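The two complexes that follow have chain A in common; it is paired with chain B in the first and with chain C in the second.
== the complex of A and B ==
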C-alpha cells in the first residue's frame, strides 16, 4: 500500500524525541531524584497537582521532572494520566473543620480564638537573593525550632468557623445551601455559565495559578462599587480522605491531602439594594498555594455578586484552565497552510473587488 | 450463552494507556446524540488526552472510541498522511489499539482529519472524524455562551445573516474563508471545522458519517449520511470556493483539486501542489477518478434567510462559483 511515503513525519518525530532525551538524560549533573523534587521543590509539585487535578506527589514530581520544570506541561502530563484511571469510587464529604492547620492567619481580626498562627511562610522574610557559597549551603542544617509543627495545631480552634462572629451578629449573607446537592463534576460534564457554584469552585481549583491571579487583579485593581475585600481567614493544613469500608460500611481514612483554604468578605454595596450585610467568597485548592486560594475566594465572591458584567462567570469557567489555554496557543505551531490558502484567496478577492490595491 | 452475551456487551478488555472503556462509551453516546440531531453541538465530558488541547484531543477521543483492532485507520493533517501531526496521532492510536494503518482513502474505515475532507468521494460505511478548534459558529457574533445557546435553540440566526450582509456591504463579498458557516438539514448553523470552502459541498449529501469533535470546547457534532448541508449566502451572491485561474498541481497537474501555494526558490508563491497527498499520488499513478463529482447537480443550494416561510431549502441548483481573480503580481 505504498506506505514508504508517509514515514517522513514519523522519522522527524523520533529525531525530535532523541534531542529531548539528550536534555533529559544527558549532561554532567547527577540524576534528579523524586525525593529531591517533592522535598525541595514542593511549591512546584503542589502547583502541578492543583492544576492537574490529581493529588499524587510522586507522580507530580515525575511529571515535573519529565517536563523539565515546565509546570503547565507537567499538569498536562498529570491530567492525561488521570484520564487512564478508571473511577473506582467516591470519597466521603469532608468538612474543613477536619483540617489540621499548620498555618492560620486572620487579617480581619487582631486576635482570633487560638491566635494568629504564622506557620512556615516567607511573607516576612526579606526578599534577598541568598548568595551564600554552594559548598556552605550544601552542609547547612536547619536550626531546630522550639515547637514542632504538630503541636502548633490546636484542633479545637480550627473547629470554630472564622465567620461565626459575623454570622452571630446577623451581618453575613448566608450562602450555605441545605439541600446538599451532588457537586458538579467538571471532568465529566463541561462547565458553562449558569452551572452551580461547585462547578465554579472546581474550575478555579484546577485553574492555572497565574491566570487566576491575573483575572483577580484585573477585577480588583479597578475601582468598583463594592466595598473593600478583606479576607477573614487563610489556612493551610491537611484534610483527610475518607471512603466507606466495603465490608464494615464505616468511614476509613485512606489518605490525606495538603490544602490551602481562604475565606473572604466584602460588604454588599451597590448595585445590590441590600447594603446591610457582608457577602462571602470561598477558595480551596490542593497543596500550598496561597495566592490561588485567595484569588479563588475573591473571584467566587465577585461572580456570585455580578456574574454578567464583563462576562466574569464565563471567564472564570472557561478561560482559566492552563492546559486548555496553552494547548490552544501552541496549536498555532501546527501546519495551517490549507486555511492560509483559503484566507489568502479571500484577501485577494476583496482587493480585486475594491479595484486593485487600496 | 449469557456469558457469551455479556462478554460481547462488555466489549474488549481495557487497553491500558490512553483512556478507560467507560469513558469511550460516554463518547460514543455523545456521538450518537450528535448523529440524531444533525448539526447540534452535544456537550460531553471531554477527557485530557496525551496530546495538547488544540492538537486533536477531541478527534482523538472519537477515533479511539470507534476504532477496533480490525479497523483501517487513515490520519491526515492538511490533507497529508506524512505530516508530523498526522504521524503523531496515527502512532498514538495504532500503538494503543493495534489497528491497521491506511493511507488510501478508499480503503479506510475511519479517517481522522484536520482541516480537509479527502478529494476521493467518501462511501457508505466510512466515518470521517474532523478535529475542531472552534465549535461555535456564533462565537464571533455574540460573546455570551448563554445567548449563543438560546440562538441555536430558537434558530434565531438573524444576527448571523446581518453579519454576512455587513460583510458584503463592507467588502463586496463574504470574506469567511475556511470554516464557512453552513445550515445543516435546515435547522442548525454549524461551522464545519476549518475545512476550506472547497470541501464544504462534499459534506452535502455525503454517504459517509462526518463527526466533528472539539476536545477543548467539549462539544461533539455530526453530519449523518445523506444530510443537507448548505453554505449560508444570499440569492445574488453565489457561494464561492477557492480558485486561482491557471493554477494547477506541479506534481499531478490537477486543477480540480484543492491546491496550496508553495514558495519557490525565489521565495515567491509561484508553484502549487495538491494538499491531498493520497489523491495526488494516485492521480499520478492513474489510480484516481479523472473527474471528481464534488457537487451533485441537485445537492448544492444556497441557504436563504427563512422568511416568511420556515427554512426553505429548495432553490435552483447552483454550482459553487469560482471567482476569477485578477492576477496580483
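== the complex of A and C ==
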C-alpha cells in the first residue's frame, strides 16, 4: 500500500501551514525560551533525546517547541536532523564505573554496599495535582536546609557492582564472554531477529518509552514467566564521552550525557528448567527516564531467556521505534485514492461473484 | 616554564568551559598578538560521536546513541591544537583549539590559559561538591516492618 501522487492544493497547504504558524507564534503568552524548556521540562527533553538517539539538549528543546509539545514528533524532528550530521568518531567504551551517580536505589536489597541514595525523586510522596495559585508558585524557591556538608563522604558508590554479592555466592548465571565483538550499528543496518544482543540494547535504548513500557507490561504479566522480576539496582547519573586525543593518543573526556541505568534479576527458568541461579537483564538510556531503563532491563532478560515465544525478539527489534511506527501511521493520512479505488473494485467484484447483496 | 597540566586535562577543562570563559580569552590573546598567526587546519565542524558502552552482563559493547559535538583543529607556530566539545558552538570550539595550541607550544600566554583552566577546575569541583552534598542528604536507611 502506498499513497497516491497528487497535484494541486498548494494554496490550501500554505493556508494550513499558516494556521500551524499561528499556533506556534501567535497567542498572547510570552515566547517560550529554550532555557525554560531544558530546565523546567527536562523529562520531555530527555525523552526526545532518547528516542531521537542523539544527546543534544538544546536541539531537543528546539524540536519539542516546534512540535508544540508532541514528544514523538519532536523525536522524529531530532532523528531527521541527526541524519544530516556527520559522524566524527566513536567514543572509547565506558561502563557503570564511569557513571557519576546522583541517585542509586536497590529495590532488592535493603542495605546494599555503599547504601542507598534516593536522589531527586517523588517516589515516596503522594502524586497530587498542585493547585497552589500561580502567583505563589512563581515566587517559590526551593529550601536548601536539607543539604549535607559539602565535604561529605567521597563518591564511593560509582565503583560498586550491584551484582557482586550474588556473583560471589555463585548465584548469578555467568554470561561474560571472552571475545569483544564490534557492536551492531542499528543506524546503518536494520536489526532483524538473530542479530547480536548489542543490536537489541541499541534498539531499546532509543525505543519509544510508552511502547517499551507497554511491551514489558504485557510480557512480564504473562503467567509463563515463573519467578518474580526484581530490580537489583537503579542508577541515574552522568556518563562521560571519552575519545582518543588525536595528537597524544591518550583518552580525554569531551562531553557527558545524563543517563538512567537499571539491572534486574529473575530466577533462571525458561527455556531451561533451572531455578538455582539468577539471570540478569540490563537497561540504559539517555536522560532521566526510569520507566524506560527498567522496562529495557526486563525485556533484555526476557528476550535472552525466550526470544521466540510471541515473537518477542522480533517485537523488540522492530516494533518499538517511535519515528518508524508513527511515520507509518501518519502516512495513512495522505491521499490513498488509487489504493482505495482498487480495493473498492475488488470488494465489488467479490460481492458480484457471491451473488450480490445478502 | 613548567607544564602543570597534562595536555588531556587541559583539553577536558577547555571542553567544559563556558562560551563566555573561553572565547574572550582567545580573542584577547589574538588581539594582543600573544601568538603568531594561526592556521585553521580543520574549521569547526558540528557532528556526532557515538557513545559506546560496555554493559556489565556479558561485558560486551553496544552503542547507546550519539552525542552532538563540535570539533576544530588549528596550528600555532607549527604546533597542532585540537578541541572537541559538547554542543554546536563553533566559535567556542575554535577558541578551544587555539588555546590548546598556544599552551602546547609553551608560549608565555600559557600562564593565562592555565589560570583559566584552574578556575574552571575549581568551579567544577565546587559544583560537584554541592551536588554530592545534596545527594548525600537523601541517603536512606529503610527499616523493615516485621
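We take it that the second predicted complex is superposed on the first by the 338 of 358 C-alpha atoms of A that agree within 3 Å, B and C clash if a C-alpha of one lies under 4 Å from a C-alpha of the other, contacts with A are read in each partner's own complex, and residues count from 1 in each chain.
Everything that follows uses one rule, which is that a contact is a pair of C-beta atoms (placed from the backbone, for glycine too) under 8 Å apart; a residue touches a chain by one contact, two chains touch by 3 or more.
Everything numeric here is computed off the predicted structure, so don't read it as measured data.
Trainee: Using the superposition on chain A, decide if chain B and chain C clash or fit.
Mentor: After superposition on chain A, chain B vs chain C: fit, no clash.
Trainee: Which partner chains sit in contact with A:323 here, chain B, chain C, both or neither? Use first/second/both/neither.
Mentor: first
Trainee: State whether A:161 touches chain B only (first), chain C only (second), both chains, or neither.
Mentor: Once the two structures are laid over each other on A, A:161 reaches chain C alone.
Trainee: Between chain B (first) and chain C (second), which does A:256 come into contact with in this model arrangement: first, second, both, or neither?
Mentor: second
Trainee: After lining up the shared chain so the two structures overlap, which partner does A:218 touch, if you call chain B first and chain C second: first, second, both or neither?
Mentor: Neither chain B nor chain C is touched by A:218.
Trainee: Spot which of chain B and chain C makes contact with more residues of chain A, would you?
Mentor: After superposition, C is the partner touching more of chain A.
Trainee: Using the touch definition from the top, say if A:230 reaches chain B (first), chain C (second), both or neither.
Mentor: In the superposition, A:230 contacts neither chain B nor chain C.
Trainee: By the touch definition at the top of the document, which applies to A:86: first (chain B), second (chain C), both, or neither?
Mentor: Once the two structures are laid over each other on A, A:86 reaches both partners.
Trainee: Kindly classify A:346 by the partners it touches after superposition: chain B alone (first), chain C alone (second), both, or neither?
Mentor: first
Trainee: For the superposed arrangement, I'd like the angle with vertex at the C-alpha centre of chain A and ends at chain B and chain C, nearest 10 degrees.
Mentor: An angle of 110 degrees, rounded.
Trainee: Look at A:137 in the shared chain and tell me whether it touches chain B only, chain C only, both, or neither; answer first, second, both or neither.
Mentor: Neither partner.
Trainee: Looking at chain B versus chain C in the superposed three-chain picture, what is their shortest Cα distance in Å?
Mentor: The answer for the closest chain B-chain C C-alpha pair is 11 Å.
Trainee: Considering only the contact definition stated at the top, list the common interface residues of chain A for chain B and chain C.
Mentor: 82, 85-87, 185, 187
Trainee: List the residues on chain B that touch chain A in their complex, please.
Mentor: Residues 14, 16-23, 26, 43-50, 52-55, 57, 77-79, 81-88, 91, 101-104, 107, 114-116, 133, 143-146, 149, 171-173, 175-179, 194-198, 216-219, 240, 242-244, 258-261, 275, 277, 281, 323, 325-326, 328 of chain B touch chain A in their complex.
Trainee: For the complex, give me every residue of chain A touching chain C.
Mentor: Touching chain C from chain A are residues 49-50, 53-56, 58-59, 82, 85-96, 101-103, 105, 110-111, 115-121, 146-153, 155, 161, 163, 175-177, 180-187, 196-199, 201-202, 205-206, 239, 241, 243, 245-248, 250-257, 259, 263, 280-282, 284-286, 300.
Trainee: In their complex, what parts of chain C are in touch with chain A?
Mentor: Interface residues on chain C, with respect to chain A: 7-8, 11-12, 15, 45-69, 71, 73, 80, 82, 84-88, 104, 129-142, 144.
Trainee: In their shared complex, at which residues does chain A touch chain B?
Mentor: That would be residues 1-3, 5-10, 12-13, 76, 79-80, 82-87, 185, 187-190, 192-194, 308, 311, 314, 318, 323-324, 326-331, 334-346, 348-354, 356 of chain A.
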